[in-house]
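Each structure below is given as structure tokens.
Next come two complexes built around subunit A: one with subunit B, the other with subunit C.
On to the complex of A and B.
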């Protein structure tokens, strides 16, 4: 297959370009930057967020949003900790934690798909409600001292130096990409995101697609919550608090339109790698966390502006071309 | 005779393919109600939009008090004293009556003198004899009351020309009376009214002068006393039936669907008809006849509340599009942009959407090659003009989009095809191709319901025509009885002319 240079002019191309620049600067800044250890580390620090970002991409392409993911992560971790603390086996605790994610997702999905409430409101309520439930479970304690094998899931390398969470992320990335770009479900996600009524008039079961999406989102968040608990080794009521904004930022920066219908996992993956390397580089350069957040914010605004600019410029070029041909025809 | 307030002189307006207005003139006099009649697409709405600054005329002049004026936007129209009341009132539901009346007042000050505003609002309402609490929110008001508020708003802006576009379409008989009382009060105060309605009896009750448009041209302007219902309808129809295409005679097969007493609250009631294989049943009527609602009910999008549907000898209730598709019913919508095609998606994606499962493997992966083959086959068959089936549907011309929509539904292999305005907004060439297609499909044994507001089209393409008006079935005409005047008469709610009267 020939490399498509046209794509470089798209947002994905710009992300790739930015990534190359960031990598070059980072290499100059620190000789340790390209170490495998550093690269794995920078992934591992945000691994739970980027797993959830994959599911979030589906939700946003479908023209919905899920603000409750961080609270579901927290709830899942707290369910695990609470049951473990009560003396249940780890197997039961993990199952219950994942189930809590499925139920939260189904609850969100029910109101959004069947009652047709806006997802912004429903999942905002979820953000508050699920967090509340998590806090009720563990109160103001910190529960830890899980079995070693569980902590190892988040902390120990599995294959060579690579920990299990990173493997899970790449497996999910490949599955997501195939589902979104090649499967029937992915097709429905795009069509509904673009034109919900057209899908309805074409006999697409819009309700089922939306319901499925929110269940996937909730389940993925619960899984990420477990991995977070394993990595940190201890769970508190505020575990994963505020993660939802970072997650949504990754998806939007990846070129997924907040209005739905467009975007690809290539873009989201690039955005994730860019953000992680950018943060890592800024840390290496001793730039404070607050400034880092500011830079990411500026990038996000660019991600909305640039497609608009290119559209305007393209339209203007086309108009000029059109006028020129008209003049020629007239003369 | 007094001088006209507003004069439209030699107005022309063209949209891509269609000449919406062709050198049309109209004069409105103070203290007079002027009715404007015409079929769908005669150019009435275009003229109104030019008067209110929504469209700009290609040529012609607008005179106000004999002075040429330019109306660039709604604000210009407002300052000149021209206001329009639409079928659906433009009301701010969360503001109260008085606020709605004064909402477009131009004078601005930091504080609002509420007491003065309420007093003035009450004065205007009293002047029009409207009984409404100026402090009540607009949300709860009936449609008629909302219109009254709009009229009061127009008065507060010192309106000189008031356009009423189908104001009675969704009003009850009692509310219509109230509206007419208002209109006459305004007339007596010297306002020039332009009244547009499809209801003949209303026009003849209220109008002082009647103008008829047809196909963007001015046909006649006469005093009411010089016009009869028959002469008005003749003016509206008056054209030769272009021999666009005639449906070929096809041997009709089994009865496909039989509908009896189909009703839906707020939409239509007591609709009964049947369609055979190879038959085209036309649905004629004017805007607001609710023909589309019948189509939506048969396709299960907005199911009917009452009535019986027998499809292929099976008595059934259709409650979802999925079920309708399984039965072999397809509905090609009139609204290509919102409901028909996903414009940012490719042609092939649109075509295979309803039957995507057929192109998916057991694990749910889509076979793009099979999809493309099907899409290319339809591209050939319907001669869709596009370099590739992977092009975005939104980049095609209207006619080609229509063909993609047809492909999409033909791919579901329907037995009954419901076509809703299949040739609206497409050029003459594409139109002929669509007609050819309808003919071919009927010959293949499909039953077709053709909903169309294009009278020559329905007459040329149908085996039988069902005429609807405001949700009611006005009659079914056999081919031998096809006649533009009679069909339009039925569509406008007049008693169907008997043979002796013609």
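On to the complex of A and C.
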């Protein structure tokens, strides 16, 4: 247990070190980097993804995965746009959009928690299916011209220079950190992620925890979809397509193990800030969005590969040391 | 009853159900769409099955080992573009060189997936989600926003998709379809008779036990990924032949259709079971559904993805809930019949001991 904790701490230390390096390079690259405007902009450009990443951290720590989040984001935005286009009031549309997220999450959760299908397949089906549902609603149109107050929500600052989405993110970050690190529910998430059997024999209501997690994930994704619609001012069938890559990368880079059971929100928060600054720096260096996606993909693989290899090498070194001491004792 | 049970296995029931489902879909759309049983639609379905099928065979190899390859769409896109570019620049290139080039490039991309997954111990879903982005990025940077156009390609390639082996009236059996079916047969034989094929099932059923039993888990996994990449490369070549005009979005999202086809075809996503025949049926089902929906006036073609998602879920749920029970039932009766057989000769010929 103690070894694990140290490894975790060093992983977070590594992230911090990387972050400092990226920040220094960015400062050298551009004098505008440290401006408050750029710093807020850097958050705002990916704010929807990082909000979903918080929920995804819970899901992955629980040893599950939710590949459908980007499609749920798209669906919620499309539900909003469709109802608004049909002449419903914005309030009804927003409510229905959030509800669609809850339902998608509950649908995923039902198959995963109660029928015990692997989350990988269920949410892969969701990734295709929810996107399909979004396309049915919007087809190949682009729906925009929402009321001004809605667009302003995504585009205008609310308090001082800070837009509402950033406030939502930080509020959710604090809530998630408290829930994950300080509450009973958070402990259950870790226990189930570590060992399903241990959790079950300890009397943890595994089904309910998993169901709750997927509903939270769906709802958060729907909320993020709404914020995205407000920021972009228009919705299309492919809104938020492919976002799952960035979101999962942020969580895994934050030191959450894909096999569940380990990871902390401190790590995830650091990874989020690191990726945002990296993307911002690449933009400042005129690297195209396409190449940035490739870099994120490489980062995703490395974030699992590097800890794996350090663990393998560590184990090998330990074995060698053990053999050496045995030989010495024998001699 | 017992002999019947011994003759028919649950997995054959599943394949039978798939065949019935395909027939039902065809009959249903036949009653809905005017002039549905036309040669044109038949040819369109077989051509689209051909491309999906070779990639699905590769995916099946990987899924049987309890892995998944999400990068196949990007590999198809990249090889289609790369080979197309080489052929456009060098029209004299022989067909065999072009096919080998496609297979080689695809195999190389599969090798990267395999190395990271097998030796780096990164879960396949993470590896291939990453390489999906990386390969597509390489394609976009490599293409420099240029498009491959049909007129720049050699004539033999453009004519390839409409070349027939035999014709029944206007119903063509096209060469590309025949190739794809040959690939299926080849790999079905490999999976049934070669030690390497059996190893895939063993590792997919229980990787730890397979490793304990001394099977080369990592090497087998690596080869499966290389083959999956190589077959995707072949699929890319066929994609190029069929469409001619290749942009950077070629094959985008293809991986979802492929995974859907394989899972619907009864290849267990937990690994350890599934056949190439199943993958063939799954591919035919999905291609038929897709092409039919395109022509159905009542609902828009935008329903395709939603139905596809639902279909995957139902296939997996049916597999988990119904087929598991059937398999247990079969296993129980098999034990009973086995004990019957063993008990009888023991009574009559005690010296057999």
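We adopt the following convention: the second predicted complex is superposed on the first by the 289 of 331 C-alpha atoms of A that agree within 3 Å, B and C clash if a C-alpha of one lies under 4 Å from a C-alpha of the other, contacts with A are read in each partner's own complex, and residues count from 1 in each chain.
Here is the rule we go by: contacts are C-beta pairs under 8 Å (C-beta built on N, C-alpha and C of every residue); 3 or more make two chains touch, one makes a residue touch a chain.
Quantities reported herein were computed from a predicted structural model and do not represent experimental measurements.
Judged by the touch definition given at the top, the superposed model places A:258 against subunit C, while subunit B stays out of reach. In the superposed model, A:195 lies in contact with subunit B only, and not with subunit C.
By the touch criterion defined above, A:290 reaches subunit C but does not reach subunit B.
If you count the residues of subunit A touched by subunit B and by subunit C, you find the higher number for C. By the touch criterion stated above, A:185 is placed in contact with subunit B alone, subunit C being left untouched. In the superposition on chain A, A:204 contacts subunit B only, with no contact to subunit C. Looking at the shared chain after the overlay, A:32 reaches neither subunit B nor subunit C.
Overlap of the subunit B and subunit C contact sets on subunit A: empty, with no shared residue. Note for the complex: subunit C touches subunit A at residues 68, 116, 120-123, 125-127, 129-134, 136-138, 140-141, 256, 259-260, 263, 269-270, 300, 302-310, 312-313, 316-317, 320-321. Subunit A contributes residues 65, 111, 115-118, 120-122, 124-133, 135-136, 139, 237, 244-245, 248, 252, 258-259, 290-291, 293-294, 296-298, 300-301, 304-305, 308-309, 312 to its touches with subunit C in the complex. Within the complex formed with subunit A, the subunit B residues making contact are 299, 301, 320-322, 324-325, 331, 333, 338-345, 349, 353-354, 356-357, 360, 363-366, 368, 408. The touching residues of subunit A, when paired with subunit B in their complex, are 178, 182-185, 187-188, 190-191, 194-195, 197-205, 261-262.
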